[in-house]
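Working notes, structure below.
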Amino acid sequence: MKVGVVTFPGSNCDDDAVAAVAAVGAVPVRLWHKAHDLQGADAIVLPGGFSYGDYLRAGAIARFAPIMREVIAFAERGGPVIGICNGFQILCEAQLLPGALLRNDSLQFRSETVALRVETTATRFTARYAPGQVLRIPIAHGDGRYTADAGTLAALEGDGRVVFRYVRPDGTRDDAAATPNGAMHAIAGIVNTAGNVLGMMPHPERALDAALGSADGLPLFEGLFATVSA
Amino acid sequence: MTQPYRVAVYIVPRRGILDPQGKAIADALHALGFGGVGEVHAGRHLVLDVTAASADDASAQVTAMCRKLLANPVTEDFEIASVGTAR
Amino acid sequence: MTATAVQPRPGDPAITPALVAEHGLTPDEYDRLVAMLGRTPTFTELGVVSAMWSEHCSYKHSRPQLRTLPTEAPWVLQGPGENAGVIAVGDGLAVAFKIESHNHPSAVEPYQGAATGVGGILRDVFTMGARPIALLNSLRFGSLDSPRNRWLFANVVKGIGDYGNCVGVPTVGGEIVFDPAYDGNPLVNAMCVGLLREDELIRAVAQGVGNPIIAVGARTGRDGIHGASFASEDLSDENEAKRPRVQVGDPFTEKLLLEASLELIRSGHIVAIQDMGAAGLTSSSAEMASRGDVGVVIDTTKVPVREPGMTPYETLLSESQERMLVVAKRGHESDVRAILEKWDLLAEVIGEVIAEPVYRVMEGDRVVAEFPGTALVTNCPTYTPPAAESPAIAALRQRDVHAVPERPEEADPAWTLRTLLATPTIASKAWAYRQYDSTVRASTMVGPGSDAAVVRLPGTTRAIALCVDCNGRYVYLEPRTGAQIAVAEAARNVACSGAVPKAITNNLNFGNPKKPETFHQLVEAVRGMGEACRVLETPVTGGNVSLYNESPAGAVYPTPTVGMVGLVDDLAHVTRSTFPAAGHTIVLLGDCTDELGGSEYLNTIHGLVAGAPPRVDLAGEKRLIGALHAAITAGRVASAHDVSDGGLLVAVAECCIGDRERPVGAELELGAFDALPARAVRFGEAQGRVVVATAQPDAVLETARAHGVPARVIGRTTSDDALVISDHGRTWRVGLAALADAFHDAIPTRMTRPATAGAEA
Amino acid sequence: MTQPYRVAVYIVPRRGILDPQGKAIADALHALGFGGVGEVHAGRHLVLDVTAASADDASAQVTAMCRKLLANPVTEDFEIASVGTAR
């Protein structure tokens, strides 16, 4: 099972994503932004970082990179795609996911470990978690305020497509206090209608080892591995 | 015959979308004693030099750029502010 | 490129005494230049020399002092003299590290000043062939009560964050001090640490006659050119183009340059690489040539520029960011270009290494500057001006601070403790560091907020511990002791994290060296630093000197910032500073004294900077580090925190509430120290002390005894939500919530007030 | 008698100062086939509602705000783009 990790100019979590893929026993394949072929990858990770410096808008320029034509086609065929942080921003810009990620409401970059609640285990990415499980996962972003119109939000909630939500450490909701960026509905991660494209602001690839503070990201990559190799 | 034009465009958050930057600026201005300030909205201002057949063509080109890349259709509105000839 | 005689360029200004003075050369230095050339310099040559002989590039006032520092140890692979120092860390791995200041640019434009400071230090590290894995910074500002200082602080922090975050190097630690001494002259020092394999080490030494010299990275603009000769003109529209411009950082290009440079170094197509930092193309090319003892020729018309009409003077002196100079192997030019193209960057051959021992600059066919041999670098004058201690400072030091009466509020020691915790210099710096990505690269074991940061070395069971330290107030009151303490504290900090201190880099931030009292501080501080490094076996592998840090109010506190690297040889030994749980015994390693001089207590509570800073026993510090290491590696230490600013109670309170989400209570029994004044025990800053939490107190005490380190049980951690202290026959308590609020809210509260570039608001 | 005005101001990087954002946008537009694009400069666009005695007063107020807070005096230039009456 091969997982493609895309490197855009300015990606800086690609090495970490490669390591995460390898940690669950899959074969990481590095995909260059100028390439036109996914090298037979069974799943794709769009990693974090600052593609094109986040100039103009986070993800706006990367969305047009040559490799994205293939990624979009792959996603439309039902192939699993995870966008982490900048990857989430790129997926929104590419309209593989609805909504947009705007400047944090604090107007500051936020780097800290947050509590996330698993809102659904009915996705291939979260099947390895317990329903309602509270994860500790690092965030590090300046543009993470998930924003969408009322109809989109209603659809996301109604369809159970909100995958991760920012919560208090005890798992209860307190959007004003627990959301580090002002995201609507405290949304940290969503999937598309078909359920094969996940976007999330927090960094599960930085939470693979309790020695570094948390191993709560591991089940996500294991889940990805399991569904694809099944 | 084409010639260089300079097009200014501004791109602003769609009304109704939270604009924390505008609010922060308004708050800071109040704290500094600029009491007459009401709402503030913050957006982007881009100046582009484009080669075009006419001012209308230049404007049309930049409009196409905004639709394709420069503005986010989900959250932003744009407007061509001015079209002039570039030196 | 054939050599002809040097000719002045048409339109260049005539060389007059006034022009020479505007370029910052003394008459003696000018005579030296004329003697070196055997003729009158051209305008271009004057510009080049003015940059090369500037304090920043030539270290003319500090070089003789720096030579006294210890630089060697078996693990040192590269000492001072290169872009960064390098030490071996085992398994064939090495770390490169260096600190650098961007004080003056940050005073003018804090955001870009700080950002480009980070950019510069990253380049210094990756030009050694090392991948940057950690950033730290050491910052000094005036009081946060001033809107301008808040503006400086906010923008420096944002500049550091935006740059490092974008490049993707975690910012894992640092220190921030607020003191009126830095009003008008903030200090912004950035440190970078990179990882390499020993066999990948590359030095910036030009070699191989006929090898091409290639400019790589961003285009050259008129940024940061020292516009000395224009400084007296009005800033009219005509000369707007010539005025010195703020350097703007482009971290996106830096990230590409980083990847391209590492790829280039590993490719075998190049022999040397150096960043174009201060004095840009001039100093990078001249330094590489000098290190290789070869000649070079450069054609300024070949340099890719950002704007038309740049003169050789401007091209040579531009400080545009994100540029590198590479010496490639002859015939490999297109391979070099291909690598740069892959990363969407430029590479242009602009010159070559020549046999003739000259440094020659061409503008097309015209020779516009030519210096014999390596004189440009080696012939710079050095100065050892008179040094004398300021009598005013000596008098401050000699003051008997024990006589200072207590304030009425101090009848409640909890008030004093809370007040100290809420002092911005002591308070939590999370307001700043939560804007820094500290976890990218997924190797940060201990991030900002602990005594030292700990970063895992991928593929090994080891980690490095990193910190930056300096208490400028101590150095002000007694430079030699203060600098010793800076080294000792840094060593203690990495030791508390489970590491063995290995080596330092340092940043000497001082005022005008031509003032005898300032030069005295420099000489004494370097002496103290060297002494401490010798005893602690942490050689100096490099550093930076920043002089003339003055505002109209006077010089900053002399601030010789120490950046320490330690090695943790097993990940199991990584130790944090906060109490992990209730039920541990608290042991104090080291002893209390009745010292109060130079303390944060006197500064904050009494507004007094006086007295002698605490005594430091370097041999005792060495024993302390040994004892701590033995106890940690034997698995006996649950947490360890060094006692520094604010003294014992501040240290213990930080152990209790440093992690706001998981506060741990404590009870202290300090009656054993009742012979000393209460405030000296509580808030004095005696050196050589560490607060340890342990489940095996007897074993820890025994280890300490075996190492000749005083140690005593002073209390235990509890599940109570208070810190309870018994001393001088009374027991007093202070709630953890009150301590946590004081410590964690101090800076955020201040930063809600407006921040403006102007001084008043 | 004061009344509400709406003032638009744009703040752009001073010419000659490196504008990495403008450059990235220009490169992206080229890659998307907008070949006629030359230089691009990226700045900010602010719209402020201010209570003022006249249009000139509104403009003067915003100029003062730019000097004091909104524009960086070392790296940016600003220009009042328009002054209108606010609804």
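Labels A, B, C and D are assigned to the chains in the order they are written; within every chain, residues are numbered from 1.
One rule holds for everything that comes next: a contact is a pair of C-beta atoms (placed from the backbone, for glycine too) under 8 Å apart; a residue touches a chain by one contact, two chains touch by 3 or more.
Please read these numbers as outputs of a predicted model, since none were measured by experiment.
Of the two chain pairs examined here, C-D and B-C, it is C-D that is joined by more C-beta pairs in contact. Per-chain Cα centroids separate chain C from chain D by 37 Å.
Inter-chain spacing, taken between the CA centroids of chain B and chain C, is 41 Å. Rounded to whole angstrom, the centroid-to-centroid distance between chain B and chain D, based on C-alpha atoms, equals 9 Å. Chain centres here are Cα averages; for chain A and chain B they lie 30 Å apart. In chain A, 52-53, 55-56, 60-61, 64 are the positions where the chain touches two or more neighbouring chains simultaneously.
Multi-chain contact residues of chain B (touching two or more other chains): 28, 32, 69-70. Residues of chain C in contact with at least two other chains: 250, 252-253, 344, 756.
Because contacts link each chain to all the remaining chains, their graph is best described as complete.
Of all residues in chain A, those touching chain D in their complex are 52-53, 55-56, 60-61, 64. For chain C in complex with chain D, the residues that touch the partner chain are 108-109, 111-112, 218, 221-223, 240-241, 245-248, 250, 252-253, 306-307, 320-321, 344, 756-758. By the touch criterion given at the top, residues 13-14, 16-20, 24, 27, 68-69, 72-75 of chain D touch chain C in their complex. On the side of chain B, the complex with chain D involves touching residues 2, 4, 8, 10-12, 22, 25-26, 28-29, 32, 34, 36-52, 61, 64-65, 68-70, 81, 86. Partner chain B is touched in their complex by these residues of chain C: 753-756, 761.
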